[in-house]
């Protein structure tokens, strides 16, 4: 979605676009809830590591980072967080994670996980200082977060120990365990549950239908958020799978709240 | 904040207004994190109830409801949730709470907590069906959520057992324990930590300064959200109290993300 | 270990035996902490099921059941527990799980997990009433807990969908997903972390050494618990892997507690 | 209970005694589950402190320490643990707490909680190094854990800020917040839920009845654990309050397990 906004700002977006990535259902389900499970799954399938007692640093405390941290904390890991944004940083504090700079903990952690959407978060300098056996993986964005290129140098030996798992070996024998060559762990080494796929695919389909059916002029060459009502519709379609029973507003309550009984229930900026 | 938007819609707002209530720092800190603690505190100070094993229904799964549910789940309560909005409803499911209609569980629960912002959520019909000793309280909005007026009838006896705690007694001897006469439990029976007050007061003060200093014409007679940069500033002022260390973007990273190194780091719609 | 005690009671135990299974390190690490991770791992590798929002019943709330319940609750599942022992039952209540009989929830749950050490816990009658797609697996004891033999009848079709995963298909098309043909999920479909293996193997080795070195007559043809001091020794050997720093008693404190400064710190009955 | 065993060892116990403190129901309910709630309650009522983001050190990881740590972790505190016993120490690691010596974290923590059953755990040297505003309290044993006497010296000023809360002020203005003058926080500043009292009182009453009714010679001048069957009976009496439904063994299952259908279900050493 960041790319769309940059295109739009540069005047290079030639069609209307829906920022589906920032709709609630995408953010919460594809990112938070899915990653909460896939971080554990991806690490187990590749390394069989035990989570209890392990020290982990998670770079980035957006929805993906929140999911990773919650899961690992629940499994008994001791989790540190790095952040650039003070709002997310303060959330990490209130959720019980020490907010550190990467260099403060890099020597002691057993697992390093990137979820920033940024580039060069884990650079060679940090890789050099990790301890023997440290696991390094990326849950964030593309393959930019770990500077894997910096590891392809003559003095380091690569050993493929199984699919998606490389040992990178320093001259002194130290090994780090690099997963999926720095690509997305959740896509490369875990699976995406059909439930999450269904939510994301439904959201994308509805966005396309909305753009296709919209009267001339409703959408310009810009980036739009999915109308809240559609976001709510996607959610309501998935409630029966949990045997979940929604409460309906009475007429009196709807009037009191100034809402239509059928929604949207939240302002468009809600997330 | 809902009132401001209704005024604005009706053309009756005669000055610019900042919707401070919907800024991230207010929503997360005053609502989510503060209520996570004050629901436990308010119930303990008034009733000394043990949370472990108790069945609780929480009406509403916004930030306040999320805080209440998380706290009670952590203390070993079995928590049910009611919701009108499918997005919040689906979040409740994914967080491990059964989504029910109030009438499905009202006979079995030990504690009823309202956090909807709505009116007449717990009406006499439900109060009649609660079991003996059920505790009823409001964490949401004003004093509208529980229909307390419906309990002031001749056939019911009120007994004040201590400050903020009334037993309402049915002819058959059944008692419900009504806290703060249906007013806000977190304000009436708990305390607000200075940390949260500081965040909220800082946000309000910055909003007033922004409105006061703004050049003529920047703000019209409408409702505005606090600029994200100020929200981030409030957060950054509170990080040192946790000895939290923020990471700074490198020039290369800021350019890659299309961000200023000093923020704002999030789009205005971020929450 | 139960078998050893039955042999001993029957006077058929012809050598001294150490009940290693009931030592603290075995119970907590091999059972509680290991199963907390392997229940998630085993289910993911075989079914890719999403845990969030799923309804699960766990039969048995011993150490294994506690581990399974804690993990699934943390991942957002709604967990019910069955128990025969009132002490474990009350613990389940206090930990926030509804204590039910299997027939109360069997129609609604998405996953059934046995951890009882008993036989015929999930019998054909329950299998008949499960809903379409229900996953059934055993974390407990041998292959006795699920009555798999009752499913090998002409009217049911078995379909092997992948290694360790069978669909059992009813005449009306209903499928249940049976894992590892009812054998132990944690051994068949997950991995045992080296850390846990190390604890268990160290405990077993020390027990053998103790029996071998013991002076004539110290151990009779009976079942013994590992001396607490050895249990503590096993634990202390594994602390450095977590960079964990133990506190030492001062002379004054040891005297006050009536303990030797080097342990054992707990009475033999401690678990 | 430690005192009873010391008396017995010294040959000074002149009547049979039941070690009720080490029965499962006492340990789990009075210590673990009760303290999980009363640590939060005691701290809130005395100091109104916000738990989110606070750094806390808990001395001792027995049942009381486990309850305190679980509660504070759930509320978003960052919790460190000290231990002398490697078994409890390893449990703390696996539950996600850094195991430290007190001097490693004493300068940085916001709250210090003792739950060791020992004496002089927090001595003047540590009190001197705490930061301004640090809260110090005792959840463990009598009033021995914090060396309060060492604070009654001329250079320190005591200021009673409210009932059970003293500020002790250093010459440089640093204040520590001492609760209940080092006596038990859970008894002095919190309440004990009737549910827990009922469990403990029932256990004590049954122990007395057992000793009174026992045939001559069953109990000598020694310390006994409550027979498991009585422990189970206490638990079963408290299940209906949670609407909890116990499963009964079939004849076949009881035979398979070598158990009586009415219990005891656990060996006497079970805890």
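So that you can tell them apart, the chains are marked A, B, C and D in the order they are listed, and the count of residues begins at 1 in each.
Note that in this section contacts are C-beta pairs under 8 Å (C-beta built on N, C-alpha and C of every residue); 3 or more make two chains touch, one makes a residue touch a chain.
Note that the structure is a prediction, hence the values are computed from the model and not measured.
Note on interfaces A-B and B-C: more C-beta pairs are in contact across A-B. Set against the Cα centre of chain C, the chain with the most distant centre is B. Between chain A and chain B, the centres computed from C-alpha atoms are 26 Å apart.
Work out the mean CA point of chain B and of chain D, and you get 33 Å between them.
Inter-chain centre distance (chain B to chain C, centres taken as mean C-alpha positions): 40 Å.
Residues of chain B in contact with at least two other chains: 33, 52-53, 75-76, 93-94, 98, 242. Chain contacts in this assembly form a complete graph, since each chain touches every other chain. Listed in rising order, the residues of chain C touching chain D in the complex are 2, 5-6, 9, 22, 24-25, 28-29, 33, 82-87, 89-94, 98-102, 104, 117-120, 144, 225, 231-233, 235-236, 238-239, 242, 244-250, 252-253, 256-258, 263, 265-267, 269-271. The part of chain C that touches chain B in the complex is made up of residues 52-53, 73, 75-78, 93-98.
Put simply, chain C touches chain A in their complex at residues 33-34, 36-37, 40-41, 44-45, 48-53, 55, 70-71, 74-76, 108, 190-191, 193-196, 241-243.
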